[in-house]
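First the structure, which I've put down as structure tokens, then a few questions once you've had a look.
All chains are identified by letter, namely A, B, C, D and E, in their written order; residue positions are counted from 1 within each chain.
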Amino acid sequence: MTPRQVFPPLTVRTDGLVCGRGGMALTQELTVSVTSGQCLLLRGPNGSGKTTLLLTLAGVIAPLAGSFALEGADREERWLHYCGHRNAIKPRLSVIENLDFWRAVNGGTGEPTAAALAEVGLAALGSLDAGYLSAGQTRRLALARLLVSYRPLWLLDEPTAALDVEGHELVTRLIDRHLDMGGAAIAATHDPITLPDPGRMETLVLGARA
Amino acid sequence: MTMETTPKQSWWNRIAHPGQFVTWTRPLLWPLTVLTALLFLAGLYFAFFNSPEDYQMGDTVRIMYVHVPNAWLSQFVYGVMTVSALGTLVWRHPMADVSMKAAAPLGAMFTALALFTGALWGRPTWGTFWEWDGRMTSTLVLLFIYLGIIVLWRAFDDQLRAARVIAVFTLVGAINIPIIKFSVDWWSTLHQPASVFRADGPRMPGSILTPLFVMFFAFTFLFLVLHLKAMHTEVKRRRVMTLQRKAAQGVGA
Amino acid sequence: MTAFRAMLVRELRLALRGGGDMLTLVLFFVIVGAIVPFAVGPDRELLARIAPGMVWIAAFLAMLLGLDRLFRPDHEDGSLILLRQADLSLSAVVAAKLIVHWAVSALPLIVASPFLAMLLAMDLDTFWRTLVSLALGTPALAAFGAVGAAVTVSIRRGGLIAPILIAPLSIPVLIFGTGSITASQSSAALLFLAALSLMAVALAPFAAALAISSGED
Amino acid sequence: MTAFRAMLVRELRLALRGGGDMLTLVLFFVIVGAIVPFAVGPDRELLARIAPGMVWIAAFLAMLLGLDRLFRPDHEDGSLILLRQADLSLSAVVAAKLIVHWAVSALPLIVASPFLAMLLAMDLDTFWRTLVSLALGTPALAAFGAVGAAVTVSIRRGGLIAPILIAPLSIPVLIFGTGSITASQSSAALLFLAALSLMAVALAPFAAALAISSGED
Amino acid sequence: MTPRQVFPPLTVRTDGLVCGRGGMALTQELTVSVTSGQCLLLRGPNGSGKTTLLLTLAGVIAPLAGSFALEGADREERWLHYCGHRNAIKPRLSVIENLDFWRAVNGGTGEPTAAALAEVGLAALGSLDAGYLSAGQTRRLALARLLVSYRPLWLLDEPTAALDVEGHELVTRLIDRHLDMGGAAIAATHDPITLPDPGRMETLVLGARA
């Protein structure tokens, strides 16, 4: 049902990118590039800077040195989805209201809300207060956000956290489809994600814990 | 709300089960309603046709027949709530929190009526609707407490959980109400308002007392009827809610 | 549903659900107003004189009470990071929050003011003036508050800066607010209030958005 | 380090490192004092008359500001669940929080009251009485506040409900507080005040603990 | 270094325990028993009631039916550690301050703070503001809480969440040691935990998502 190749070909390229926190470098100089249809896995022990790197790419944290750029996407429109440790799900709003909100705010270019919910397996809980969701269900709802509005680049921070076995497959399926559509993904993860076509995956191991 | 309903219990345990409570008390509802109606008829008859005008207040004295019972109920209902609160916390009686929740809006209503009729009464007697007289003021504060409790009930989405929390607050309020009354009286004597009609000033002849008492019982029974009815509806509401929840999740299975 | 409207609806729902509903808000002001006589005594004409100040102080308090919930929840659950990626500009987001914050913390006051007027023995004329001055002045309070709140969430130790930021800005509003009710040349004060609110509301969204987006997570 | 002391230290650290809360309190407290003169006009002896009431209203409102931070953060990050498992009884936990809450929200007000006294043209004698009454009365305010906060903590947005619950309970404090400053039989009022504080502080921890532990997560 | 068998033999026994949320049952009637030296793994899809069960055992949520009891421990002293989805770590307190607090409040019967920190691999970060910790580091700090004061029963909700490979081993090691000391553990988890001696583990699979 999803169109193939909806995104213009694009490349995320970092050169000499050093990111860190509180003025301390966490990563060595990173010079990597991720292009359409590719997924970069960030591995590394706790505190090695995966989240920091993702936040830097998301533009939340300023890089200590070097730079990064996205080639191929037009400047004005937003081009990335960030899915972090925290799920940004509001209690007191129903599951559907949560998703509808993000769909409206991010420009609902993607699947309709109901479809996305069914996709992540929350179809039955649409009207439940999102504050009641279990950890994994909350995570699934956060993932549904990626579906309701298309963006070429996904930055995923431990997408499989709190998910059950079936949830792991869900994540792989979603990433795979995203790559099919010509998107790119950078995912920090501890438990291995294996796409059907391993050629699409690269792995970047960040330094041992300082 | 789950309780092991072992067969053949005392009436206490029988009414412990919401469903049984409803079936047991519904027969009471109609007789009580009729009795209340009769009392009101009698009371109003006395009040309007069979009691003298007040020598200084004229016909407005008749407001008293509505005002005083309400004023009394405003305190009585809180007493009911306090007992229910104890029932929830100490005996964990399942109907206690239902009764507690049902009583709050009624208490607020009666208190508001006491204030309203009092204000109506104040207009001719004091020339102003509102005077910061001790008893009126403490009634106003009581109204605030009722409203606070109602707001609290609305704020919790899980009523079973709410019950115990609100019970705690109700008890705290019960301890405080006498203190509040006392402090307010102290305060109003501190700066005596200009010309307050001392409510208990004129001694009341029997011709005033009889209707007062009849009305008094009429209103009390009115409360009992409404309370019972409200409890029934509350029980029904909870059943519906759980059913809805089950349905909502049943879809997913 | 446009993005901005979605933002408004969301904020409104969050504000009104779970205990924040109108009854609560209005009741809050009525009670704050009812507290006053117990402190200063039931002397009617004395009450009437301090009523304007009390009303404005109540408004100020309500604003302050709501402030902490303006950006912090979104900051803590990560929504703020995502909102920076949204199609909707951050300043528009702030504007929506500002509008709702005003709606839930100033409007109820205006609804409650008749009760306050009765409890504090205001005369009708004063009452109307109070309404007008509130309607004109509270937006400024909300706007200044929003900027302060934005600084608080974005800067560590921002907590210290916010009040210092808010207080001096708010004092003139309060002074002119009360002034516009009591003083003889109240129209001048009202004009000033309106001007202040206009300026504040126009600038606040951008200032707050700047503070948020420049603050690292 | 005993458990109770650890609790105290932790609360104190969190409160002091949190930043602006105390500052906000004091500023608000003083601002209230600053607004009143504009409301009632320059009439000094009128000011002096309402000064005690104003001080107490300001104190009451200021104490409301800190309340939301008493239990909510611990509730949201899961600490409250763990504290229920702690060797330290929940009521002791509440007691510790109560003490710190008083220390960081009432003490600053008492310290700031000279400014208020100045703004409101109090004479020295009144000022001293004010200090004493504040010192005796604020514990009760804090205690009632704690109960209100505990009752509303498991409500996701208890924000404004707590004040509504607390205000009626606090009325006696306000009455005796101002009474102990102005009234003829002020010593009696002081006694009431002290008794009230004692009772409230003695009961509040248990009531609050009960409310917390019965409002499940 | 840790004494063997420090806890009196104990048994957690539930009979006909039904837990649920919002008045709705999530689990069927559970009649299980966990004794000293045993670890019960709770498996099951997202939303199947693992967290709810743990919270019920922790006494936070009232069971819908049935009952549970701990035999062998004396009533008055607290006998369980709960480690949930949320870490109860305070920003604005340093790592050491956080741990010291819990050590004092739970009765510092266990290892000294420094030792526990070293154990979970946070020795270097002791003085850092806990708010700066990475997701995994925060989780490790939460685990350290279990060490600084001995309690016979551990209720762990996805202990390995956000932990790296080495962290998974850490968790297994800690649980194993706890069992050695005569403790019992109930752990809800998605990614398999395998103790060296499989005989010590039982698995309880909770029903599919309602």
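Going forward, a residue touches a chain if its C-beta (ideal position, glycine included) is under 8 Å from a C-beta of that chain, and two chains touch if they have at least 3 such contacts.
These figures come from a predicted structure and were not determined experimentally.
Ranked by the number of C-beta pairs in contact, the top chain pair here is C-D. With every chain reduced to the mean of its CA atoms, the largest distance from subunit D is reached by A. With centres defined by CA atoms alone, the chain at the far end from subunit B is A. After Cα superposition, the angle needed to carry subunit C onto subunit D is 175 degrees, rounded to a multiple of 5.
Chain centres here are Cα averages; for subunit A and subunit E they lie 30 Å apart. Centres computed as Cα averages put subunit B at a distance of 48 Å from subunit E.
Computed from the mean C-alpha positions, the centre of subunit A lies at a distance of 37 Å from the centre of subunit C. Distance between chain centres (mean CA atoms), subunit B to subunit D: 31 Å.
Multi-chain contact residues of subunit E (touching two or more other chains): 22, 85, 209. Among the residues of subunit B, those touching two or more other chains are numbered 141, 144, 147-148, 151, 155, 157, 184, 187, 190, 249, 252-253.
In subunit D, the residues that touch at least two other chains are 18, 152, 155-158, 161, 164, 167-168, 171, 175, 216. By the touch rule above, subunit E contacts subunit A in their complex via residues 21-22, 44-47, 51, 85, 121, 124-125, 132-137, 139-140, 158, 161-167, 190-191, 209. If you check the complex, the residues on subunit E that touch subunit B are 22-24, 64-65, 208-210.
The part of subunit B that touches subunit D in the complex is made up of residues 89, 141, 144-145, 147-148, 151-152, 155-156, 161-162, 164-166, 168-169, 171-173, 175-176, 179-180, 182-184, 186-187, 190.
Residue ranges on subunit D touching subunit E, taken from their complex, read 1-3, 5-7, 9-10, 13-14, 17-18, 74, 76-79, 81-88, 216-217. Residues 156-157 of subunit D touch subunit A in their complex.
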